[in-house]
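I am attaching a structure below and will ask some questions about it afterwards.
All chains are identified by letter, namely A, B, C and D, in their written order; residue positions are counted from 1 within each chain.
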């Protein structure tokens, strides 16, 4: 027997994990409904700004545009008659406003004007949350990069140890990716979220000659971009934010993935240091990196949602027969899942414990072999390239076969010791010296990051409305 | 300011359109939670069946497994500590059961056992709803095919009129596609939804030698398939149902798309006859096919969700670090969006009004040109192929250029009238006679459909548990 | 029996339709191979720039970097030993260079450095082609908007006639969408395509202290962006271009979709005027809009490819175990399919024939009903809102029921004729006057377009290397 | 300068890695073209079977249907006039056949009949290759499961060691997943690949009353399923195979992913034993699992392609305006990428070297902690559940803190040694005894596998045409 209830059934069982952090609240029914009401209030205000209706009527409409007076579930149920919730919302709002202002509710607008504008308002609020979490994760990565700038770690390619890098260099890469995602989302937030106002066929006909001015005032009141023309069926704003969210989710997934890999029992180079989380009473050795795992999971939903939103760009004529409706759920889900990935990642990176002794131990696992190329290069001047290559290669093979290390083999090799003092051989085989330009790259990346943060702070101070 | 609330915010604003019909109720928090509790009850029951625990303890556990005693939102919130809701659910259940049976709650199982089994139970309930709607839509299409078996309609290729078909033939195609989707979903429902029981690493270690028997009893109690081995990280059951749901959604989209196209103002061959829906007080000529539009919209979300679920098949080792969690939301969404498409389509096809006079009028729009090939063929014996082809081609060109019809042109052509009596010319140009084997194909398709329905009815009667 | 051959089998059967236009040539084996060789030449040149190797050696390497000397198929076959084609390419190149410069081939680089840099070069060439086609399509749309600024056409929502717009307004919307896609792609082309140079683990270790300078010189030589740090496993450049390509494809699909819909036999408002294409000898009335159909088809492949590339952002550690290889084919396919959509769309829009008389005839199909709201508004002052609404509503219902038009009904209505002179009634019911601000929107959009084109031209003149 | 050439540019640079194995040859231009010609030959033969044309004409047509006589690139180029390659192919074939049989070439068919039927033939050949590789990989996994039935290995959940399993159990899971994919693909191969024959609007009009019989004979000649009605716009056959291929690719990805993880330097439990592959001259410790990496990469392309094919199910009316063309490339790519994944996986699993000593060493890494729960259970009878739990928990905490092992801690605990003899403590802490029902599950899975193989062999022997 399926359960049933008179109140709507939420998705609260999975949301705390999969719609984690601040993004859930700003993308729920109440947020959507308030955003639609904000659009209706701004429409009335803009009409008054342009002399189309009386200011008093606009004020009366605005006064009624408070989500507290509306029942999202009831409006949703009534939406089935026309296919969208704006029609019943306008009916409810008109009733709430009362005469005489009620004649001017929704004046000149079509349902899509209100819903699309609301979608942009909801997205803006969600992007603020997402950017905040991504930026915090970037800052946490910057702290890791700074603190571990010179800590050697096995560089790993195709999941195999290759040559050394530093953990700082890895963290600097994470930080740079997160910063790039932040920058792109901030750009779209500032310039890529347009208001929508076009009326029944996008010609603003019902507003007469004042139409274009009302549209401009409408956008200004919502603090959204005023588009060149209505974009009812030209969905680039939807697609561009979708792409940026998909990219941000992908960066989160990469970082989180790295954390889950570094946290493997056999590697143990990092762990999430949140007391009481990720442990197991029956398996005391487990330290599940819960936040990183959840970030991976949330991010995994993004690509499919981006594809859905891109596929839904094919809006027919002046209003789509399905493609528009097809955006609503994936739009919300993409904001939520990206926000969830960002929130979990902020948690994971921000609480990361770094086990530098394990990094060193893992580097030594293969007995100095990652430094083989470096030794060969150092011996080339004295022995010639081919001889050096063959000598080191043979020593490496013996080390592998005998389970010893490269130092043991090379130190027993007269041709080597003749041209390479013992101290020098030790130095060449020390991974600490084999990290190349890792530190310089960390410094460059941190300088870049600091400039971005500084620029954001000053622009936030000036503009005053970004998160 | 984002709204906030102590009770979870639902998605009730869009659900009635985008999670339409019966599928929403069977995939919500209460349904998921009850399914998990059903799994816990079955586990205890199975353990008792195999002598692992006392029957009385199993009964005590089963008695507590009622969703009414649990708070989904609270369990969801506590899920963040471990990343899944089963851990807090088991804690709550254990408390509810009380001593001494509480020692046997969740015995031998891991969280994924319960959640995966619940996912299959939720899916089964949803598939029942979906199949019911798809089958009803197929029946409605069968009725249309039968009623309009011989009604000529323009066959359209690349959105251009081609040669005639019948509306019955079109409807028979819809019906066949829907039937195929029903058959595949029924097959998976019967043989492709396995229970999950493996314990911490899939070895059933905590149940001792009784493990495999308990797993079998567990599956039997849930009326799910008993798998060969635990499928914690081998996700073919998830993938196969996903593919079938995506296919079903695609069929719904095709049919619904056709309806929106045939309902265009300029074509007007069908309309949705639901009083009070799809009209517009300010645009009295509009008859929006709301149900078909909503079906298109719902179906559009499916391919991306299928891709997400297929991408999430890469589960590491004995339990995935993210890919498992990544399934939960898309799984639910895919069931809902496919169910929504099916429910709306059932509504649309079931209420379809067919305007046969417009079908005929549209066929005549191009002045008999769709029958040009047929006339050519008929004249070939008398005139030779090349002459016939050139003659009819020239007549068609003149008809197009002068805006007359093919009959006017050919009737004025001595070479034609010499060999083709006036009645025969009229007959050749009548689209009614140009529908080929449309009627035979309708009959064949209906016979096939009737056999499928009959087979289902008798198997339902025998088995007694399919919808 | 599968066919076999010693020369590689191409995909030339479908490419002319599905990899249409200029993009195929710049994304094929030869283009990829030359791009890799360009990267090798730039690497040697950059090393010489920074004093790491002799200029003469760099010149010798550069001289050998000509695709004409290499066999793509053979290199491809040898790629299976390591999993990527750079290893055999470097071997071949080293042999071609000969002593002594051969010691410096590929110095300091890892395979991914060369392949990623080549991927950016290939993408740049493809983006140039795509931008060129999109911009030409936008220009063609601008011409249509200008020429048909005041031509009334039925505005259509949910595939139903709604209220009038103009064909110019529709074309202006197309143009604006295409311009937006062009602008985004140009921005990425200028600032979003980075060179890749990091060496085995991204630390530039093998180039010693000169590493960062060599990386900068390398980027400068390839005219690619110098990234802050190597992006071997931070794939934002791949993701951002993917998103932009997906968006561009979506815009193409929308425009092309509109064309296929407007070209329907029953609507007939546009057709593709390419002699000898899209016709049918046996169905003389058919005018298949082949270019628009092919654009729709090509664009349809983009969202799935974008999803694949976003999913593939999860690169482990310093080099991915699969996710990197997973990019190569979708990257090429996404460039090709977007380019194909753009090329076909340029063809379609550039050859579009507009049938304004059919636009007018279609507008009149519903007997003036789309102007019902306008008449109501005009009568409101004299009759009051409610009376006006009821009067016009009843007239509309009678017009629909009797198959007459709104003018006939209203002209027979004393209450109407008393307050509305005959000329005024005709004027109110004329769709020409009901297009609202369509003309003003066209003018605004064209002004915006012209500014974009002018800005591009002057910046192209200054920079000299954009298409 | 983009390279150019008069012969078509292949994708041979990446194909050997990304379109690996036998599938490339059976999905190339020659294979497609021959399949179309096979359809034309079968069509003529079927027409003769039903008395529609002379047997001699049919034979003449069949004789000309050899790919050797046709130029795929030229046909591809000419396809742009109509949008599909069948039109120029038929023209070429007609010319090749010559009078008088040429009048009967392609008789009664539309382009889509030939292309869809060819798509099924191409798919069948590719599925045979894919099934062969998947089945071989399953056999290799079965061999591993049998050989390592009792070899303990750390069970790993969320990439953390959990409790022990056996490598045989893991391999049995792989085998079962591969077998399931094989079974599903074989079922579709046998019952899900239909011929297509409907003529211009799907009514078989041009074949007169013989139409349905010709369609049946046509299917029989191609050894494809005879569908109930033409499926020009009902794309379930495409969707169902797509879903099955996506599922198969996902299983390959899971297995390959496991291999890359087990092959990590720090884990080292498996390696690919192919001499000369995956090594690095400069990094002698590297053993890149090239085949597994390539399998992961190939499989990653599948979900997006499945989504594209599902999205493309929305075919309008009697033939789609774009959605049909949109299938061709993804269909080919999905066959190739799934085939590539299967071929690489067969290689990887078939050459897998298993390092059981590393499995044991890794199990001991955590000092017996994975067996903590087992010890607790064993002490419960003597000490009571709570005391046992607390005692073992404290010992585990000390072991972790001091870096010793659980045995050291427990052996020093009087409360433990009083009730548990030394031998018993060693036994309890030995992972060999903690693998639960792993061996029984392996046996059950192998029995199931053997039955499947036996059933396939006998049915192959009987039917004689499956691979």
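Please note the rule applied: a contact is a pair of C-beta atoms (placed from the backbone, for glycine too) under 8 Å apart; a residue touches a chain by one contact, two chains touch by 3 or more.
Fair warning: this is a prediction, and the values are worked out from it, not measured in the lab.
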Number of hops, chain A to chain D, where each hop joins two touching chains: 1
CA centroid of chain B to CA centroid of chain D, Å: 25
Inter-centroid spacing, chain B versus chain A (mean Cα positions, whole Å): 33
For chain A, residues that touch 2 or more chains besides their own: 156-159, 162-163, 200, 257, 260-261, 282-283, 288-289, 293, 296, 300, 303-304, 306-308, 311, 321, 373
Pairwise touch network: line, ring, star, complete, or other: complete
In the complex with chain A, residue positions of chain B that touch it: 2-5, 8-18, 20, 22, 24-26, 28-34, 67, 72-73, 75-77, 79-85, 125, 200, 256-257, 260, 276-278, 282-283, 288-290, 292-298, 300-301, 303-308, 311-312, 321-326, 328-330, 332-333, 337
Parts of chain C lying in touch with chain A, wherever the complex brings them together: 103, 110, 155-159, 162-166, 169-170, 172-174, 176-177, 180-181, 184, 199-209, 211-212, 228-231, 233-236, 239-240, 242-244, 246-247, 249-251, 253-254, 257-258, 261, 296, 299-300, 302-304, 306-308, 310-311, 313-321, 373-374, 377, 385, 434-438, 440-441, 444-445, 448
Contacting residues of chain C [partner chain B, same complex]: 154, 156-163, 260-261, 263-267, 281-289, 293, 303-304, 307, 311, 362, 365-366, 369-370, 372-373, 376, 389, 393, 396-397, 400
